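Letters A, B, C and D mark the chains as written, and numbering starts fresh at 1 in each.
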């Protein structure tokens, strides 16, 4: 009857003080893959939560197969054949993978209502295999890596046999190869008739998968295009509202003296024999597949986890980094991988978040000077260009990209020499990404040495001066950016040893 | 690859099993030690006493386990138990003909009502469990004082059939043990093999996730406190029947014993974690301590300290074992 | 002449104390005074201190207290006495510095000795006996147990042996497991003395459940209502307690006498305690007391008339 | 945030750094509600008892609850961590018993007091170390064990005995007045309250406590020494318990192993009614102070008109629930 399987008209959703969706329209054709794009905070996640019944819209209508429907809670949408993979993991860390996949729609014996565990484990194993994952479904969710957890989320959506699957930034924590797996699965789903809404900040994803793309900006519907009908430049302009000339703004700079040197660093079970050196003004990109041990390396460099053996030299002096304070005293800053869990105190105002790393600076004999605190916070928030009303906004009110900028601002409170950035652009929109890169280049030009962990090839090639590739806890290649290309890096990242 | 996955397969279940084994090992060592000091310890009759005396604690512990899994706590169970025990026994004193089953149901019902009030406060009004149950503990206790008017209900006022609830036996097994076993079987099945049971874990493991995946967190929370209340009510009847006396300060502070048994049994206060099998060993260890200390002639002044030390050692040892397994598991992943 | 007379007891919800209160009220009502009854929810001395402060603020004329600790109330009660309030203790005494006089339900020596005499008679002066007490730091109980031990030194008890003093902490569950442990650890046990109401009832229950009537005997101090069942079924042929109504009445009369300044609590004084007749202040340790009388013996013949009273 | 941003000039946007005064936000605070309850209780008490509204009575009343209140000050820090310490009652008993025993063994009183405080510090320090070393165990279970253990040690030391006979001047702590009017304990408490207020709200120490309570991982990543902070706070809590022990012991003139039982729940109730959430990260010292005086005066006032203690129990329980319920309804539950 209708040519759209799902249609939303004039959806409006306000949160106290925030209008997250303003008269948004959207149409999903049966069997298509539809990309939803837009800046951080544009309202994408809110939009899908309206579809799945997590949020109730303040106005507007939803039609499924031409019929007006009313989705009051997540169960309704599940019953209607809609499944979603949310942006922030919705897993149960204490439970097994199987249970995470089947929670709420467990396989039960039709007469006794008894849960059939063995059947479920088998089915889960099958779903995981389809996704190219090798881990056992009896494992506890919390023992999985971020990427593995993401795969479980996907398996969860598939297991409901939904007609419409919504994926909110599923590739954000995946590397290239894993993303490929995901593409394959998505296409397979499309082939059997599933309609898919796909949210991503990666253009790559969109071009590879989507048939059509809808853009939201500042809570408003901007437009829908066929992916092949619209130019990259126009799309960016639609999303950001301005033109971005340079995504990787590498400025001229001077690479100075060696500031840090790592020799044969080992941590049993995580990484071994890591050696590299780092110079002032240099951006050292560390890449590799998920699970290569990059985060663990960073954590040891920052004193969060002890290394077993090896040496670290800082300004040609051997140093021992036992705890975070040691690293901070040396002038090392760390931007963690998970900004919500590790980087921010979500219930706090921006100013307190920003100054948490620099309490010594805003206090005298332990007494906090609020005036000084506010002025430092304001200065830094403006420096990284956070989109906020005031420094008293709560961190949790910001969108992902802006939250990331606040974490960057936290780093800048200290007198740093070395900055370690772990996946700094994960889940960050193009606009914010370019700003973060701009800040990075700026810092490098000012003489800061930067270690950037990233799984994104263009980023690594675009921003890095030198590139380290890790595989299974070891460095498998070191190269200058001039001599690097995608193939070389991939080969080193996937090289089978033994 | 298959080798790797079979190794991984062990991780979740293995950790918990080994933890339980370590606790059981601890129990065995303790038992042997006590047996050495008093040869009456491992006799049938003493084991029977031990189980009978632990039955009520164990029933309460099942309820508490579910509450704790949802990240809650219930400090009101002692007061709830006293209230339903008192009301039921006052009724029994007035109507001696009351059938024991009716008394049990009545006590359970009173407990259910009390528990569902707490559930309402926690689930609907979002009052933190520790506050809601602390407040209601006072209220229940006060109400019990008031309705009893400071009087106790004594053995001679209770009908024989009522007292027989806890002294009687079927197939030579004391009713209390039997009731506890039935409750354990029912809840083992409920927790592990029904959807509602699994939702308890989901709510405790991540309330936010539960909410977005359509689990009615409010309902589950409410249910859990209502079950806890019902079990406390049932225990109230069993208690007054067992001791043939109802006082208004019955079981004061008993909630701490129950919580202690739960945590020894590996129920994590942070929620989401805990198994019935683990709980059984926790309850057993607690019961043995209560039973054994009087039997080995330690000075009464030492009993507290020994009990505290044993609990501390038990939880620390099991934490260390868990940690050991956890870390070797991680290293194993490397190759 | 009216006045405010306060009665502070160990804790709320204790039937014995409710009857003391009745007797106390009777005495005070005779002179048209006002009775203030205070019972803390938990039997702690901290709560009693607060209550005493509140009574001082209310400017009562007399405070009669059954103390949760003999010494810890001293500063509070001395403050009360400094403000002109007459202070006496009953049931469970405070130390002599904290009171003007103590109303003693029965002589501790007598209580201790009579229980040994009772159990000896029951078991035929031969065999092992044990004591099941309240908490290990209950002063009353400890004093009685000391007198029990002294009584046992007499030659007629040569064939009796006190094997253990166990503590049930006045908790039902603990008292039960302690009793069970006694029975198991001492299979030849002949008698149990439980000088505490919760303990004796718990022991009575255990002996009843195990059908040990006639094999292991029980006596001690208990509430008639709690013990009626076990006295009638023979587990506890008899036991002792004093009359709480009389105790309360005597305390009330004493309080009045103090307030009227008929007595000051010095040795040798005497006054008319209403229905109880002439009473004399006698020396007790460093302090003084007024004695109610001998403990009352409850047995199968008289228990029915008492079980509904308290 | 809406549409009021012009994206063309989005770069280097100005971010405000002055707080707008918002009347609604200002009055919409839990502490105001507490203040209302506080006033209501005084009005009620004054209506009920002719003895109540009187400087002496009011000042004297504070003597009845301030000993526990000392612990509430430091317990506030513990609960802001999202932890809990239920061993404080036992710590009071243990430090008091050791002090008394040592004094009676010939130690001078000032030294015995020093030892008392040291015992409290040690007990708290042990709690802290265990909590930091065994993170998987949660503070509840650890302090539950030490609660039983510490009291157990007190029993081993003093068995069924009381110990006392302190010098006269020691009496002053619990019973003394300054200028025959103001209780000494009140003055000490006010000083302590000011110190704790400043510590929590004006120093980096307090800031770090809040940070850890909100997100300990992020705090660690930001260079806060989480473990050290926890040990310090638990040690402080032990110290405050020992301080309370001094006042309580003085009040009783002697001590026993069973004193201060049930203190932990009273203290936790004070802190929680004060608006400090047991899930951590939230709460103000002012709220705790108000709640200390609310509960204290309510208890005292009802006791003054001889309301049976079981009824007081019900009232306190209902007040606890009612006030939290009102705050949830008024201010909404943050997590929802």
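Quick note on the criterion: contacts are C-beta pairs under 8 Å (C-beta built on N, C-alpha and C of every residue); 3 or more make two chains touch, one makes a residue touch a chain.
Source: prediction; values computed, not measured.
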| item | value |
| --- | --- |
| Of all other chains, the one whose Cα centre sits farthest from chain D | A |
| Chain centre separation (chain A, chain C; CA means) in Å | 73 |
| Rounded Å distance between chain B and chain C, as computed from the means of their C-alpha atoms | 36 |
| Chain centre separation in whole Å, for chain B relative to chain A (CA means) | 43 |
| Chain C: positions in contact with at least two other chains | 12-13, 39, 41-42, 136 |
| Where chain B touches two or more other chains, by residue | 141-142, 145, 248, 301 |
| Touching two or more other chains - residues of chain D | 155, 159-160, 308, 310, 312-313 |
| Each pair of chains that touches, named by its two labels | A-B, A-D, B-C, B-D, C-D |
| Touching residues on chain B, where the partner in the complex is chain C | 38, 40, 43, 45-46, 49, 53, 56, 141-142, 144-145, 148-152, 154-157, 167, 239, 242-245, 247-252, 290-291, 294-295, 297, 300-301 |
| Interfacial residue positions of chain D with respect to chain A in the complex | 1-3, 5, 7-8, 10-19, 202-205, 207-208, 210-211, 214-215, 217-225, 281-282, 334 |
| Chain D-facing residues of chain C, complex | 12-13, 36-42, 44-47, 49-51, 53-54, 57-59, 69-76, 79, 135-139, 142 |
| Interfacial residue positions of chain A with respect to chain B in the complex | 49, 52-54, 73-75, 77-78, 86, 89-96, 99, 103-104, 106, 108, 113-115, 134-136, 138-140, 143, 268-270, 472-473 |
| Touching residues on chain B, where the partner in the complex is chain A | 1, 4-6, 8-9, 11-13, 189, 192-195, 198-199, 201-202, 204-206, 208-215, 271-273, 329-331, 333-334 |
